[in-house]
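Look for chain A in each of the two complexes below; its partner is chain B in the first and chain C in the second.
Here is the complex of A and B:
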């Protein structure tokens, strides 16, 4: 702002036009009182995210032994700990892909009005309100060795010995799908309603059957939204913690990175390494987000003609 | 111009258009096409026969069922009743992608993620034509709509008029048996609308495509179409050539649409061989019956008159008989003429044009040539409309 208040000698001539009020000049640059609206949000971000993050970051560089990078070195030297990265990816990637994949056909169908649409919508979104504990309880009951799922399969003579779907990889994956799907569905649903229905109708009059309409029109227009949805559900799944303990095998196949961080910090009381693991976790998530967003910039992201 | 417009095709051969074979279609027939939305009937049984190469406009106010009719034809809405045949082949049972009709949407519905070229090529690609042929045909159509320069741009980078031309190009590149246009000019500004109107007519003539055009703008319909279908509340009011409708509207509703702004509720005083004498609401005038049924004295009628057919009385035609006395209220300047809204003693509004100066609050003495005042019998449900 001070540049506009340059000394008179710097101006091209003595007859500078009458100065506009400071408030107007600031408003020209987007500085006005509505900026204050940012304040509460910014405060929350700084206090609840930036400060703890930076605090953890500096702790991670101050281990009791091994120098600045000691905590990181200790993590990467421990094959059991490093293995948690692969375990987490093996859970989070399929969970995110299943959630996004399943939400596309369902939201595609939900665009039209039909009887019971509101009921179906409510049923699909209800898992959001269920806590992880309740979901885990349900999974144990329903998918357990003598749960309804196995009983039904047995009655239908599809299997002879019950499938093991709890206290292992599958239990956690089921839990991630159940809790992550509503988010994926709601996002996809709103992205899809942002695509003007006339586009598909136009494609139909040009001779495209429903498969071609989806492949050439709807899917390309939806893809950027799907990538955003994927990133969000991936991040949710990557931070999996309670279900990995309750319906998983936390010391074996579902020893995910957040459990490793928890055990290091709060069971072995190595705060520095715990923070280091949290930082590694953050870096991995940011890498996936960056890769997805980089791919996304290569797609068409303009207007899709609809209300979204 | 299409020489066969408005008449049944006398020969097998459609008229040739600049070396093209013209429209491949000979006859599109709609028989009792009906569409209901629940209990509401949006389109009452519609019968219409469109001949090859013809340009037919569906005209009516919003909500009259014209877009419903077009969507039924395109296959985007299933029919509630009736059938549509194209050269004897039933098409109303086919999904839209099997009908092969070109459609131009009101909001253009261009694919925003595809270039202009890919938009136009889309239909050809869906038909799995060889690449070379697609390229050749797209180039030709883009040249025709003067968009060769814009081929690599995305729709978002084009102006409204250019987007409109892409939409037309995309529909006609398939050389469809029928082109459907849903108010394609309604989103454009006035100057561009005139320009595109000429463009659409030019393209129609060049390709000889059979076209069904939906609009609420009577000027657009009159200037573009070979034949007009006027719809009112889902029913056909009149079908005819622009001249038919302009000169001989079938009812006060069509008359109002064709520029008869003055609709006066009068009563027949007397009839004779040269016309009728109507009076009421402090007015008295001579008119021409616009109906096949004879009018009898004391019958309630609606008299329809265009603003340009009402003249200021000259001093020497006092002998012409009684006229209309009215006080000018609003005077609008329209270049060579003035548009005047005047109020009669009984409170009826009269619209007229004048080339001589008129000022607000002037008392005007008006005359109407008897052959320019159309007299319609008044239907009970037309009462409210006519007074409006």
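Here is the complex of A and C:
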């Protein structure tokens, strides 16, 4: 009687049943041979991502001169290099805010089905896949001093001298909006379609106009998704590299941190300092993500009653 | 799990209401105008590259003076595009095959099991997506130089695997989650051994998801600039890196032949996209499982 009721492994039993019991207990917590399937992918990520990253961290503390923190000190003592952090934020924050800010009203208007919506969504995928290099090449020609954009404005007598939109800050911002907005829009749209329409209709029944419905029903439910969208568009904008070189002013106002890291590591062959800048870049990135996600956990994240 | 098309029966009256409302609200016009402006600029960006690649000369005015296709033959010979395209194809196919092979089993385990430490492993897979490619590309390139792999095709493929594996995992995991595990259980109960469960139950069900993930990885690898740029050598450049290098050695080259190359790039990308859109709903492309 007592022996059948005692928990497995507690009594002095033969070794074989005990081993089976351990396997069962592990299986109950979800650990069984299926987990071996994780190994190939995990090993690849560890070998190709974690190991290089830790190796980079290690050599960033082993510069040829200046002691353990020499690479970091060299970066922070050089005002041109350290200024790239501010330049990157000045580009990435407005770009992410514009992209997310424009996506909200547009996708709110388009949350219901209408004819041609699938085509519209398909068209929005185009700039994502064009890639930054092609977008940059196109911006140089289209927004350039004799490009179609300036010609149209002059024909309409809106301006007299062409606007300078390329090889400066604005060119890079334009390229970030063109490649980032569709991405932000598609994400916001999919979050919005996850909010059940019945919630809004219930509010409408209680007499809320569309402003109140948006302010008190849709927006709070959308906010967590919006923060994820912000983080992902910010990541894209923060890592801006080819377009900052091609349509920007890579030695001046768009000398972003990725250009600084690239030039240090692969043009001046100072791997230690290049890795140090890469580490600083990652740390900044993760700080922004952590802050946004910390804010996100303070929001309501319950069921939206929808298909999301 | 991810966004699905709404049920047509319940949505029908609402759709009609929304269509009517488009004509009613003035705010809607503003929204449409903003979108139209965006698309107009996008069209201009693509269109000016396309037109310039066929133009003889184009310094001022709305259109080029005269048209020609010589820039294409010139670009093809000058930039050795045949070789570049073969390399691009090799890299893309290898990355797709390897990332599917490594990541599909892992996504099966992540979708089906709830185990201690799952959050840590998921975080490990998210990191390569969140960390900027330049930030891990530089240490990765350093490591590849150490093993004498930088500048080779192997190095480029290895570098491109880093974002592709997590990408496949996060496309496939929601897809596998929606496949009913009872199907496998039923097959096992009827006496099917593991390999027939795999080949006759799971494989047909997983195939659309694998296809979608494969196409998405193809598109991404084709357009991935940073990692290939950091790790490739003169013989292992993909099309997009060759395009970038062509712009920066542009002193002796005409911008039209660079544009011709850009058009070849866009055309191959558009072809891939058309194939992709036959299989994938664009909102699913970026949709995440929110609940």
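Throughout what follows, the second predicted complex is superposed on the first by the 283 of 308 C-alpha atoms of A that agree within 3 Å, B and C clash if a C-alpha of one lies under 4 Å from a C-alpha of the other, contacts with A are read in each partner's own complex, and residues count from 1 in each chain.
Definition applied: a contact is a pair of C-beta atoms (placed from the backbone, for glycine too) under 8 Å apart; a residue touches a chain by one contact, two chains touch by 3 or more.
Only a predicted model underlies this, so the values are computations on that prediction, with no experimental measurement involved.
**Q** Pick one for A:30: touches chain B only (first), chain C only (second), both, or neither.
**A** Touch status of A:30: second partner only.
**Q** For A:266, using the defined touch cut-off, is the partner it touches chain B, chain C, both, or neither? Pick first, second, both or neither.
**A** second
**Q** After superposition on the shared chain, which partner residues are touched by A:149: those of chain B (first), chain C (second), both, or neither?
**A** After superposition on chain A, A:149 lies in contact with chain C alone.
**Q** Looking at A:225, would you say it contacts chain B, chain C, both, or neither? Reply first, second, both or neither.
**A** In the superposition, A:225 contacts chain C only.
**Q** Is A:196 touching anything from chain B or chain C once the two structures are fitted on A? First, second, both or neither.
**A** The first partner, chain B, only.
**Q** Looking only at chain A, is it chain B or chain C that touches more of its residues?
**A** C
**Q** Of the partners chain B and chain C, which touch A:66 in the superposed model: first, second, both, neither?
**A** Neither: A:66 stays clear of chain B and chain C.
**Q** Just to be sure I read the superposition right, which of the two partners does A:162 touch: chain B = first, chain C = second, or both, or neither?
**A** Neither partner.
**Q** Does any part of chain A touch chain B in one structure and chain C in the other, and if so which residues?
**A** The overlap between the chain B and chain C interfaces on chain A comprises residues 303-304.
**Q** Considering only the defined contacts, which chain C positions touch chain A in the complex?
**A** By the definition above, chain C touches chain A via 2-4, 6, 11, 14-15, 17-19, 22, 27-28, 31, 34-35, 38-39, 41-42, 44-49, 52, 59-60, 62, 101-103, 105-110, 112-116, 118, 121, 124-125, 127-136, 138-143, 158-159, 161-162, 165-166, 169, 219, 223, 225-226, 229-230, 240, 243-244, 247-248, 258-259, 262, 265-266, 269-270, 272-273, 277, 281-288, 290-291.
**Q** In their shared complex, at which residues does chain B touch chain A?
**A** 74-76, 95-103, 105, 107, 109-113, 122-123, 126-127, 154, 156, 170-171, 174, 180
**Q** Chain C touches which residues of chain A in the complex?
**A** Spelled out, the residues of chain A in touch with chain C are 29-32, 34-38, 40-42, 44-46, 48-53, 55-57, 59, 102, 105-106, 109-110, 112-115, 118, 120-127, 129-135, 137-139, 141-142, 146-149, 151, 178, 181, 183, 186-187, 189-191, 193-194, 197, 224-225, 228, 231, 235, 238-239, 241-242, 245-246, 258, 261-262, 265-266, 271, 274-275, 277-279, 281-282, 285-286, 289, 303-304, 307-308.
**Q** Touching residues of chain A toward chain B in the complex: what are they?
**A** The contact residues of chain A facing chain B are 196, 198-199, 201-209, 212, 216-217, 220-221, 299-300, 302-305.
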